[in-house]
Structure formats: structure tokens, C-alpha cells
Amino acid sequence: MNALIFTALSGVVMMFAGLFVRNKQHIKFIAIAALLITFGANLAELSTIAAGSRTVYGMITISNFSILFNAVAFGATLLFFLLSGSAFEKVGEHVSDYFALVFFILSGITLASSFSSLLMLFLAIEIISIPQYILAGSDKKNPKSNEASLKYFLMGSFSTGILLMGITLIYGATGTFNINELGLGEGEVSPLALCGIILLAFALSFKVSAAPFHFWTPDVYDGSPTVFTSFMATVVKAGGFIAFIRIFHIAFAGGVISEHWQLLLSVITAVTLIIGNFTAVFQQSVKRMLAYSSIAQAGFMLLAVIALNDLATKGIILYAAAYSVATIGIFAVLIKLKDYTFDGFNGLARTQPLLAVTTTIFLFSLAGIPLTAGFFAKYFVLAAAVQQGNLLWLVIVAVLCAAISVYYYFRVIIAMYFKQGEPQTAEITGGFKFLLVLTAAIVIILGVFPGLLLQLI
Amino acid sequence: MLTVLLILIPLVAGLVTFGLKGSGPKTLGLIASVASLAVTVGALFQFRTAPESLQLTASWIPQLGANFSVGLDGMGMMLCLLTAISFLLIFIVIYNRNYERSNCFYGLMLLSQAGLTGVFTAYDAMLFYVFWELALIPVYFLCSLWGGEKRIPVTFKFFVYTFAGSLLMLVGIIYIYLQSPDKSFSYASFTAGSIDAHAQSWLFWLFFAAFAIKMPVFPFHTWQPDTYEQSPTPVTMVLSGIMVKMGLFGVMRWLLPVLPKGADMWSDAAIVLSIIGIVYASCIAIVQSDFKRLIAYSSIAHIGLMSAAIFANNEQSLQGVLIQLFNHGINIIGLWIIVEIIQDRLKVKNLNDLGGIAQYAPRMAIFLVIISLANIGLPLTNGFIGEFLMFSGLFQFNPWFMAVAGLGVILAAVYTLNMVQKVIFGESNQLTATTTDLKGNEMLVLSIIVVIIIALGVYPKPMLDLVSSTTELVNKVY
Amino acid sequence: MPVQYYIFLSIALFCIGVMGVLMRRNAIIIFMCVELMLNAVNLLMVAFSKMWADAGRVDAGSAQIFVFFIMVVAAAEVAVGLAIIVMVYRNSHSVDINIMNRLKN
Amino acid sequence: MGMSLQQIIFGVLSVISLVSALGVVLSKNPVTSVLCLIVTFFTIAGHYIMLNAQFLAVVHIIVYAGAIMVLFLFVIMLMNLNAEIEPQKRSWLKYAGAISGGALLVVLLAALREASVPSLKPESTDIGLIANLGKTLFSQYVVPFEVSSILFLSAMVGAVVIGKKED
Amino acid sequence: MINLVWLVPFLPLLGFLVNGLGRRYLSKSLAGIVGSGAVLAAFVISLLIFLEVKQPGFQAQVVSLFDFISAGSLQIPFAFQVDQLSALFLLIITGVGTLIHIYSTSYMHDETSEGFARYFAYLNLFIFSMLILVLGANYVMMFIGWEGVGLCSYLLIGFWYKNTNYNNAAKKAFIMNRIGDLGFLLGIFMMIVNFGSVTFPEVFEKAAALGAHSAVIPIIAILLFVGAMGKSAQLPLYTWLPDAMAGPTPVSALIHAATMVTAGIYMIARSNILYTLAPCIQTIVAVVGLATAVLAASIALKQDDIKKVLAYSTVSQLGYMFLALGVGAYTTAVFHVMTHAFFKALLFLGSGSVIHAMGGEQDIRKMGGLKKFMPVTNITFLIGCLAISGIPGLSGFFSKDEILSSTFEVNKIMYVIGLITALMTAFYMFRLYYMTFQGKFRGTHEQEHHLHESPAAMTFPLIVLATLSVFGGYIGLPEVFGAKNLLAEYLAPVFAPSVPFAEVHHLEHNTEWILMGLSSVLVIITIFIARSLFRNYQDTGVQRTGFAKVLENKWYVDELYDAIIVKPLIGLSRFFEDAIEKSGIDRLINGVGRSVSWGSQQARLLQNGQVGFYIFAMVIGMVILFVIGFLLK
């Protein structure tokens, strides 16, 4: 509950900060401070619900799990603020409003991690989505940004319609919105419920950009201001997944019904993995490549959604953390570059060795190479899928796609280390370098001792 | 404790090396490799007196049941010894070379040593996998940064190929882990035999894919000649001397004991592939005109024999393989050193551009002849012992397999002698007439190699004793 | 009267909305079709609400509250959506979605 | 078996709503589309009343017909859009859209055909009364009620960010 | 003394090490002394051992040095076995070896001191390997020597490494030997599988226990024989031996005439029990031997290179020995090995002396009349020719005649062919003799000017060998002469195990006399024919035609092998590389990569930027997934 309250309050504070604080630097610091407080408040709640969970009016249920996920999301956002916060200023005038929107999105994410009513799920998704439409279009003069915003908005509201139809059908079958009382796992499968679940799966697939509902992703990520892409592709996507896994694992697990949607989601996962990885291979822009990579990574996270076991829930948190941190890191470097194409990275290892090394670590993590956080993230979702038993074919598809993913991640490494060039970079401060190294260190530490995070779950 | 030290020395030295300048890296590299060798020898003594003191298990990821569990048995001991010796030899032989960004070069070399040692000592499947990948990364960078013209696509192919194989193995590891009685990655629970025969039959291929690509076994080998050709020669030495042993080691440590029924089911298929590889690679070696590619194909043929012998899975064949792991490593590194020297002197590696070197560099010629002979398994060289036992074991498994594999012996003579003739015999040309003979450090390294070749060829008993404990283990489980 | 009727009606309206989204190029019309979809959902929700109320569930009213929230959200969405459409129009003097393809591949 | 009054009203309302919905989709003039949509909304409001959702019916009219559609109309007027401006979609894509939408309809109907749901009882219930809804809304549904304020805040901020003219 | 047997191979090894490592620092004379001295010392020890072994009732002794290979149940010690057979071979090897070393000190004097030392190092290494071969107490030890001698042969044939042809000859020798070696190796593995051991006594005991009806023994026997074919240059693996003449002539004398090539005979004699138990394989051995003998002899008829004639003669004589082995006359085979070692070494060294004098010329058409320039060489060479032709009273007569009579006992047709071969031998040897030493000199004036008798270091071995060629036969005097066959008696313990299984043939003494007389008369007639034809040979320069051309070109066997083995192998290899490796597997692997990027390009097109299309695709996807997830289930 703290998380929700504090994020919302922080958002309000940021709204007003724009009125009273003229110095944009200071706005950033206020945002960081607010986030730190939120982070602390969130963790403080951990002690109060040490045993079990707390439910508020049957609408939201706060548990260790949700708090931990919030902590991951806040932590990632904090890194995002620290590394790329100053890039907010370059987007437009309404710096404080952008921060406010980010905080509102965060409150949506806290809802996504703790909802226990379908109504709250709907609200959470809308609270996450609406500010994103705006952030995507925040570079108002830029036609690309306009286009991204409109595309995102149109498709997003279309998917909202599908989501709502799904919820309605589920309500029709069960008569309740409370996900703990749906009881769909028991007894015969009602066509209404099944239809509803499938539509819900489609809508959520849209939010996490799973194929064939992924089409918005590359365009929106590409067109949005890079700094917001960074946030959208990481923390927000993780929020989508937490909602996804929450509803499917709590409400739809068990019985015949899960076999139905597991089959469906396996197909979606396979297509997502293949489309995401294949399309990423031929991109010219690193930013767009990262958009496709986010689709590909979504395919991996979907494995955790399909697999109904303990490993999956652990895996999704670890994956969210690992993926977010690494991607935020890469975007932070990308923002500093003048040229977003692969060629823009040529020779970076010579001019900015530190940037190159940290980027390499982030890319390793995304590719799932051991001793980076990404490896254990992949390990967990794969293990979850293997444990599920009948998903081995999907696991094989996934690992082969992971091998393909090396192809485009390593293109960046090849450009940085093995090609000649003089990449143009914005001014790189010592503080930025320090933070970048810190981020890389987190990736490595989580990769060597994933137990640090796992013991919390 | 010594086992951990074996990994730590190159790891720490490697990391430190990145920060050094001037001749610091090469000096530190040399010191670290001497220290590694010393520790290895120390471990060897401890292995004789108190082998259990070389085992160490520390908690790593308790939530997963993954431990930092390392240890040395005869096989691991021998491969660690090979690693330590090889790196020392490599560092000595390249001591007077000046590599651009030498701190990175030596740093990456040492890191790869740490990774390799880790692979050979890991007694925990997760740890094994981590080291397995870790050994690959530095090599990838070494090849891509200091390699030949086509290095980038070639090493990239190598990386993706082996990475894909490793991932398949990871799936297998996960499956076995989930089936293990105590949800642990430890060697003991992996070999507890909790996998049913049906699962073993497909798990076999997941593991085999990873190992076969690494070895490499026909038809998974096509990355190898290109990579050997394009890599800087010191890295090629690491690749062909030690790294390919990872695959063979993997089969013996993580395939046969873990999936005995699967191995039993598919051993014929694996052996047939291996044997096809022997004949096939030997034939191709005959018509190679590139020095490095020729040795690369010869290596495929040799590895093919080893992998066939492993899957024959009897006492003699396994003992032969274990011996050969070491000996092949030493011999092939010897060959590469000569390649390196010739390339350093003459900047060519096409066999048709060479010839007549024996007149100008008689010492080098002699070393080349001896090492080549060891490479084709002439009696009283180290190559013979392993080949004899492997063939003998393979013969027991199936005489026809052995007879076909034996063709490799003949073909090996053909291409090896061709190579020797084209490189050192015949009339010299303008270029080769400028060849200078071995320098001190090169002389030292090659002498060490030749001493090992002869000593182990005449008196292989210590080596056989060292590995006999391991083969007992493999057979017991089987 | 069978609830089936309402289901069919709502689905039909919903799919007409979907068709509209697919067939039109004008962003505003597309948006209107989305609103049509939402209304189809609302209608069905209300029908289900009545159905469960008839079945004796005391909390059947929550479905109507849900509909209320949908309307609320739709209103907010319209505000944002129209703002975006206006912004796009200001920059490119068109709301034709087909000419928006700077971002592709 | 004769049809009850309810069924007759339902039939009439449904036909009107479907036709006007199609009008929204097919009409070439955006203004006509808006007007058709408003008709649809009214028929839906009629359904609401039949389903004992009196409060919703009122809110529906106020929010949709009164506010939202007026906004739409404003925007359309503002942009001075009319039928000539919107070029026709390439026809195959248009048909493809119609066909795929139809396919979705068929699939959904096929899926829900067998759904066994009870019939609605003709007698009215009181769940849709303002008093009851208000009680539920401000007790059990207070959290979403508050949370929706976040939504509005962000929509508000968004409208400012997007709409405010910069120099 | 027996316990010091390790010194016998060790001394040449020491010589090898000293010469090999110190080749830059040793003077030529020192290198020669070290090389020859080591072998001489080994000879002395061998002689002492022989004297001990010669004692009646001597039992074979095994001297174990250390464990060579121990893998589970398989134990292979590094051990030497001293018995009658090995002791005899020790004598031959070190004895002939010493002479040839001494000869070489002079013959190789034109080499640089480094090359000189290298030469002696190789030669010593060869002696070492050969001694390991015959001393080995098990088949693996034998195999070590077996491959070792192959290696030394390779090194020595290619001694003048600048010459590509020599290198090719060396390579050919090594590879053909390896083909045989593979057979040998397979035989060893057969033993390991079936007998669990490779040591001689155990293998022989277990083989004897299996008896004549086992299927295993013929397989082992034939596999070992394949090894022998390679090493002893039998059909079809004989073509390397004539090419091996590229090496220095003393090498030809030592390796390719006296010692190495007889390793196959040694092996079969050693394994006599295996062959006696496999009569069908014995027949194969005999037929192969005989065929080789005839074929090689026929080729020798039309060769013009002095060393080539001798080389084919060697192949032919080796065939003779295999014939003897094939008909079960093991002693006789060993006897012929010995006598052949004497006279063939003599002939080769004689030819070396000639070549030395002729300044490297080897074509006998360009020689003639050397008698007056090189008296010692002439006489000794003549003795060699007489011995090999089987003139009664000389060593070759006894051994060859024993072979023929043993063959007669078994098969008359074989006897006839054997006899014809003997006549051909006499013919080409005297053709060689007359063209070289008689008549007028046909070389250049410059050559004539330089003609001279070779120095003492070269003539001394010739004289010793000539003496042995004359008298060496008397130790194996057939019983028909009324004396005891000393050799047979001496070797009896070695062949004793075979006796119970061998078919007993006994030839009437009269028949034996008749056969002997017949062959002697025919040989003498043949020699006179050769004399009349070639005593005053004049080089007409006319190309040979018809059958003579076929013989001159060695029945085109090299060309045949080239066409059916070498070319197809190269073709296959190229096919592997071009078709399978590059356009097959590698293209497939790269094709995976390429299809990924092709797929990527296609997938990119889906992302066409049109929202309408995106939503359309979503709806289509929904419909399809609905069908999959709902209706199909």
C-alpha cells in the first residue's frame, strides 16, 4: 500500500515541482529523492506483513512478492533516473511533468503487482498505458514521436477493448471480479470463461509485446524519445509481465483450463521468440534492435507465465531485474551517442573504453552469458519451463533463439571492439561513468551471487 | 585449497594484467603461469598422498542447490597439468613477440586459463556450465582482436555455434537437475541414476551436441579449420591443445557417468560419426595447402579417434583417451609453435611457399620431424601409447570400426609426411633461405615438448597410473 | 429472455467496432470505433450483472460499478487521445493513419 | 409462443443499434459517423434501462453522448474534416478488414454458442439504483475510486504536456 | 651375459644420441668411430650371447626392464627375449651392420661433417630399432621396432632431403609400411581380445591350446602376414622397395637387403605355430611369396639401374623366403635370410663401390670393363653373383636348394615356378655382372679417368662378406650331404611347438640329389647364355618394345597403383573438401546463418509501418489462435 501511496504522492509532488522549481537539475534531484523515499517506504512495509499478505477491500493484496517486485521496479527506475535523468531535459519543457508521469506509471505498476480484482487489473493497465501514450509523444515537434504516440494510443485502446471483453466474459462465467474467487481451475471448462481467458491473454500479450500483438513495439520504441524508450522497454514491460503472471497463476491455474491457455501461450511464445530474434538480426539502428530484443526477451519471460510453478515466479522477478538493469544501462550509453546505428558504435572501445566495457557486460547479460545476471534469469525461466514437463519443444526453440540473439547483441560488441571509427559522444561526466560502473557491477554481482536476490523471494 | 588456487591464480593475474603497461603483462603472465604450474605439481603430489584434500565444496547458491564444488581426480589432474604446462610454454614462446595492447592480450589469455582450469575441476554441473562458457569468451575476444583478415565473421561463427551447443546442454543440465533426488547440481546427485532410459536417450543428444561441437566431431566441425586459421597462433594453441579437450572431458565427466543408458543406446551412432570424421578429415588434410588448416584437419581426425574411443567405453579405450588428452595437447601445441615460428619469420603459411627450411634451420626441422612423428603415433613417442590403447579398446568394441578408424593411421602418415616434406625438405626458395634457426626461448620450449614426447613414449607408466583411478570410476558407473 | 441474446448482440457490436478499426483510415473514426467496442463490453457487463442478480448474488452490482469505471477511464482516454490526435494534426495536417509510416521495418 | 414486450423492445433496440453501429463504420462523412454513434449510445442506454441499470443509463447518456461525443464533434469540426478529405483505403485492405472482423465474429459466436447461461428474469432488481451503487462504490470500491484519480491526474498532466503550445 | 642383453640395443642408441646431439661438434672421424664402434660393441656382446645360447638345452630367457603399458588386465612389459632365433638375428644385424658402418665411413666421406654425423645417427637408430624388433619379448615390442625401422628407412631414404624424388620415395616407403603395420596392429588386437596377452609364450600356448580348427588363428595369421607384406615388400606392397634405392647405397645394403626387409620373415618364423595351425594362410603365404619372386625377377631382367636390379632381386629373394615359410620350411627361410644377408649386402656394397668409382652413375649401360680398374670389387661381386645364382658350394646354393626341395615336397607346380625364378635370377645377375665388369668401358672419358679401386674401408667389408657368402652355407648343410644340419639343430627349439601340427613330408635322398643336379645344371647353362649375350654389350640406344617394355616399366604396377589408389584418394579428398566440406556441410551451417538473416529481412517487411496492417495482423492472429486454443482443443 505504501508503494502505491508514495508513488502517487510523488507524482503529485513532481507536478507541483514544475511550478515552484525553476532549475531543471533540481527537479531531477527532487525526483530521485522522492523515489528513494518511496523505495524505503515500500521496503518498510515488508516488516509489517512479514507473514502472509494483507488484502485491502478485496481489491489489492500486498505480499512479500509484490513488495519485492516493487522494489525491483523502483530500483530499476532509480538507476534509470540516475543514469538518464538528465536526458529528460532534452525532450521538452515539461520536465517535472515527465517525472510525474513516470511516477504515475510506477503507481500503476505497484497496482499490477498487487491487484486482486479484475477491476484493479484494468485500472492498473490503464494507469500504466495512458502516461505512456503521452511520454511517447512528448517530443512534440518530432513527427516520429507524434507517430509513435498515435500508433501506440490507437492500438493500446483497441487492446483495452479486448481486455475488457475478456474480463466481462470471465465475469459472466463466474459472477465475481476477485481473482482469488474465480475458481476457474475447478470443474468443467465454461466456454465463456475460456473465451474470456483467451481474450485476456491477447490483451496482456499486447501489453508485453508478444507476437502477433507486438507490432506497436518497434515503432513506438523507435519513435519515442530515447530516454522514455528506456523506461518503457524495461520497468513498464516488467510491470506488464507481473500482471500477466499474477492473473494467470493465481486465477487461471489448475485443472483442464490451464492446459487450454498453456497451449495457446506456447504458440504465442514460440512465435514471439522467433519473430523477435529474427527481426532483430537485420536492424541498422541499435535503438530499434533493442526494441526487437525486448520482444525476444518477452518471449523468454512468457515461458515463466506458461510454467505454473515456483521457479517461474522467482524467475520472472530475476528476469525483470536483470533485463531492466542491463537495458537501462545500454540505453544510458545509447543516449550519449549521436548516432544510434550500429556504425555509431564503431571504435567506441578505443575512445571510451569504460563505456564499451560496461556495454559489453550489459549485452552479455541480455544474451544470457554466465556470470551476468541475465544468465540466471534465463536459467530460471528455462528451468521453470522444463519443470512444466510438456514444454520441452518450446525450451529448445527458446535456446536456439537465444543463440540467434547472440548474433545481434554481438554486432554491437563487434562494432565497439573490432571496427574502426570515431564515435561522437555527448559529454561523459565522471559521475555518469561511476554510475555506469555501478550498474555493471550490479549485473555482475547478481550474476555471480544470484542468491542475494533469491533469498528475498 | 590448491584446486581453488589453480583457478584463482590465472583469474586474479588476468584481471590485474589489464591494468599493466609496457612489459608488465608478459612478465606477469609468465609469473602466473609458472605459479600455476608449481601449484599443479604441488597438487600432483598431494593427489598421491591425500587426494581427498583436493576436493572443496563451498556454498554458492543455496537456493538452487548449486555449490562451488571443485576437485581433482586423475583425469582432471592431468588436464590441469596440460593446461598449466601449455600456458607456460605458450608464454615462453611468445615472450619476445610484441602484441598491440598486450595487457588485454595477456589478460584475456590468463582469463581463458582460469576458465579452462575451472571446467576441468568443477564437480558441480552449474559451476561446470559457468566455466564452460567463461572459457569461451576470452578466446572469442582474443581471436577477434588479434586474428587474421577474416577473423570477425569466422570467430563469430565459432562463438555462436559453440554457444548454441552449450545452451542445448544447459537444457539437459536443467532437466537432470530437476529430476535429481535432492535438487542439487552436485556430481553425486547427477550420477545418482535417477533418469529413466527414455529421457536419457534424448538427453544424450543435448549433451552430445555441446560436446560434439566443441571437440569437434564430424559434421559439427566446420567452425574449426577457419577458426584455427584465423586465430593468432598462441590462441590456436589454446584452442586446439586444451579447449577441444573440454568436449572430450565433458563426455567423460558429464555424459558417460550421468547418462550411461543414453550413451549405451547411441554409442554406435557417436562412434560412426567420429570414425567418419577421422577418415573424412584425414582426406581433406591431404589436399590442404595451408599449414594451419592442415593441422586443423589433422586435429579433427585425432579428436575423432578419441571420441570414438570414449564411446567404445571400455577400460583400454578410456585409458587410451585419457593419456591421449594430454599427449595430443602437448604434440599439437608443439606443431603450432613451429607454425608460429615459421609465420613469425617468413609471414607465410601456404605450404607451397615453404620448403628447404631444413638447410637453414636444422634444429627446427628436427623438432618438426619429431613432433610430427609423435603426432602420427610412432612407437616410443607419447602419441603411440594413447593410440594403441584407444585402437585396442575400439577393437574390442567392434573390430570393423577399428579397422576403418585405422585407415586414419595410414592417412595421417600421408598428410603429415607431406607437410613435413613441403615445409622443411626440398629445395629452398628466396624466402625460406632467410629462415633463421630457433632462438633460446623457442629452443627451450620445443626441447621441453620433445622431452615430454620421448619420456612419456618410453615410460608412460606414471601417466597411466595417474588416470587409472578415473577409468575405474567411469566403468563402475557404466 | 436468454442472456445469449445479449451476448450475441454485444459480440456483434464489438466486432462491428473491430471492423471499423480495420476499415477506416481516419484516426478519429478509428477511435470512435474503439469506443463502440467499449460500449459493447459495457452492455454485456450490464447484462451479466442482471443475470447474476437474478441468480441471487448480492454483489452483482459491482459489475455496474465496473461499467462505471470503464466509462470513467474511457473519458480520460478520450481526453488524452484527442489531445494526441490534435497534436498530430497540428504537425502533419492530417489524421490519416496510412500516411504515418516513418517508423517501419 | 408470442414474444414478450421485453423481447420486442430488445429486438427493436438491437436492430437500431446494429444498424447505427454499421453506420458509424460505413458512413463516409465523419459527422454522420458521430451522429450514428450517438444513436447507438442511446439504444444502449435503452438496453441499460431494460437491464435495471438506471443510474448507468443516465451516466452513459451524460458521459458518452453529452461529453465524449461532443468532444469528438468539436475535434472533427476543428479539423474541418469531411468525406472528401479521407481518401479511401485500398480496397483489398478494406475487404480484408471486413472479412477478418467477420471471421472474429464467427469465431467468437462459435465459441460462445454453447455457453450455458441462465435466462434473465423479467422482474426488475434494485442493484442499479444510485443508493445501492453508491454504497458499494464508497465502501468496497473506494480503493479503485481513489486510484482512478491517479488516472485522471495523469490524463490531466498528459493533456497539458501534449496540448500546451510551446513558444 | 643374457642379462646384459639390453646393452645390445642400448649401445647403438647411445651412438645415435651422441651423433645426433653432437653432430655439430663431432669431427667426421669421431662420428664414424662412435657410430661403428657402438655397433661393433653390440656385435661383440651379441656374439657372447650367441655362444651362450648355442649351448644345447638352452631355454629362452626373458629380460624385463620395466612396465611399458599396463591398462587394466592388459600388461605389456618392456622386455627382451633371448632365444636361438633372436640370437641368430642379433648376429646378422650387428655383424652385417658393423661391416656396413665401416664401409659407410668411407662411402659417405663427401658429406659435410654435420650430415655425416646425422647419417651415422640414423644408421645407429636403425640398428637400435631392428634390435628391438628381434629382441622384443612380445608383439608390441616387436611392433615398436617394426615401426622404428620403418621410420629409419624413411629418414635414410630421404637422407638427401633436398631432392624431391628422394623424399617422395621415402614417403612412399613409410606409407606402404604403415599399411602393413595396420594389419600387424589389427593382429595384435586380435590377440589381445582372444588371448588377453601379447607375450610370445602366452600367445603361442593359448594358440596351441585352441588347435587347428579355431577361426581366430587364421585371422591373426593373415593380419600379421599383411604386416609382413609391407615390411618385406611382398605383393602387393612391394613397390616401395625399388624406390627406396634413392637412399645411400650402404643403406640399401643394410636396410633394404640384409635386415629390415627380413623382419617379415622373422615375424612369421617367430609366430610359426600360428601359421602351422592355419594351413590355408600358409598356402596364401607361399603363393604370395612365389608370385612376388617371379614378378620381381621378371622385372629385374630388364632394369638398367644397377641398384634397381639388385632391389628387384631382393624382392624376388624375399618372395623365395616367404615361399619357404609357406611350405613350412621355417628353418630354411631363416637360413636363406642369413645367406641372403651376406651375398645381397655384398652385392649392394659392391654396387656402391662401383657407383662411388663412377661418380654417382648407376646406369649399367654406361659401365662395362670395370674389372681391370676395380679388381677386389670385381671378384667379390662375382662371388656374390655366383652365390645368389646358386652355384653349388656357395652359400646361396644350399639355402635356395633347400627351399626348392621343400617346395617340391608340397607342390610340384610351385617347384617348377620356383626353379624358373632361380634361373631368371641367375640370368639377370650375370647380365648385371657382365654389363658392369666385363667388356669395354662405355662411360665418358672423364669417368674413365677417375675410375679406381675403392679404399680399404670399403673393400674390407666386401672381402668379409664375400668370405661369408662362400662359406656361410655350411652351417645349414642339408642332411643329404651326410653331415648334421647345424642350423636346423640350433633352431629346433624355436620351431618345436609347430612340429606336432605340421604335416610330415620326407623326400627321398635320391630325389633330392636329382633336383639339386637339375637346378645346378640349368643355372650354369643360364649363366653361359647371359655371358654370351652381355659379355660384349654395346648400347644401341634402341627403345625397348613389346613385352620387354612392359618389364622395363615394371609391369606398370606403379602406374596402376597411381590410377586405382592415389588418384582416387586425391580425387576423393578433393571431393570431400570441395563438395562436402565447402559446398556441403559448411554451406549448410552458413546456410543456417544466412537463412536467419533472410528470415530477418522477410520478418522486417511485416513491420510495414501501417497501423491498419498491424491491427489487421493482430485480428488475424486472434482468429487463428482462437481456432487453435479453443475450437481445436
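To keep things simple, chains are lettered A, B, C, D and E as they appear, and every chain counts its residues starting from 1.
As a working rule, a contact is a pair of C-beta atoms (placed from the backbone, for glycine too) under 8 Å apart; a residue touches a chain by one contact, two chains touch by 3 or more.
Keep in mind that this is a model prediction, so the values were computed, not measured.
Student: By label order, what chains touch chain B and chain E together?
Tutor: The common neighbours are A.
Student: Select the chain at the greatest separation from chain D, using centres from the mean of Cα atoms.
Tutor: E
Student: If you tally contacting C-beta pairs, which pair wins, A-E or A-C?
Tutor: A-C
Student: Just how far, in Å, is the C-alpha centre of chain E from the one of chain D?
Tutor: Distance between chain centres, rounded to whole Å: 101 Å.
Student: Indicate the whole-number Å distance between the mean C-alpha point of chain A and the mean C-alpha point of chain B.
Tutor: 42
Student: Could you work out how far the Cα centre of chain B sits from that of chain C, in whole Å?
Tutor: That gives a centre separation of 65 Å.
Student: Need the CA-centroid distance for the pair chain B / chain D, whole Å please.
Tutor: Chain centroid spacing, chain B to chain D, equals 71 Å.
Student: By the touch rule stated above, which residues of chain E touch at least two different other chains?
Tutor: 593, 604, 607, 609, 611-613, 615-616, 619-620, 622, 626, 630
Student: If a residue has to touch 2 or more other chains to count, which residues of chain D qualify?
Tutor: Residues 89, 96-97, 100-101, 104, 108, 111-112, 115, 117, 140-141, 144, 148, 151, 155, 158, 162 of chain D touch two or more partner chains.
Student: Multi-chain contacts in chain B: which residues touch at least two other chains?
Tutor: Where chain B meets two or more other chains at a single residue, that happens at 160.
Student: Every touching chain pair, please?
Tutor: Those chain pairs which touch are A-B, A-C, A-D, A-E, B-E, C-D, C-E, D-E.
Student: In the complex formed with chain C, which residues of chain D make contact?
Tutor: Touch list, chain D to chain C: 4, 6-7, 10, 14, 17-18, 21-22, 24-25, 30, 33-34, 37, 40-41, 44, 47-48, 51-53, 55-56, 59-60, 63-64, 67-68, 71-72, 75-76, 78-79, 81, 86-87, 89, 94, 96-98, 100-102, 104-105, 108-109, 112, 115, 117-122, 125, 127-128, 132-133, 136-137, 140-141, 144, 148, 151-152, 155-156, 158-159, 162-163.
Student: Could you list, by residue number, the parts of chain A that touch chain E in their complex?
Tutor: 150-151, 154-155, 158, 162, 191, 194-195, 198, 202, 206, 211-213, 215-216, 218-219, 259-261, 263-264, 267-268, 275, 278-283, 404, 407
Student: In their complex, what parts of chain C are in touch with chain D?
Tutor: 1-9, 11-26, 28-29, 31-33, 35-36, 39, 42-43, 46-47, 49-51, 53-55, 59-62, 64-65, 67-69, 71-80, 82-87, 89, 95-96, 98
Student: Would you pull the chain B residues touching chain A in the complex into a rising list?
Tutor: Chain B residues touching chain A: 60-64, 129-130, 133-134, 137, 141, 144-145, 151-152, 156, 159-160, 163-164, 167-168, 170-171, 174-175, 177-178.
Student: Write out the stretch or stretches of chain A touching chain C in their complex.
Tutor: 118-119, 122-123, 126, 130, 133-134, 137, 140-141, 143-144, 146-151, 153-154, 157-158, 160-161, 164-165, 167-169, 171-172, 175-177, 218-220, 222-223, 283, 288
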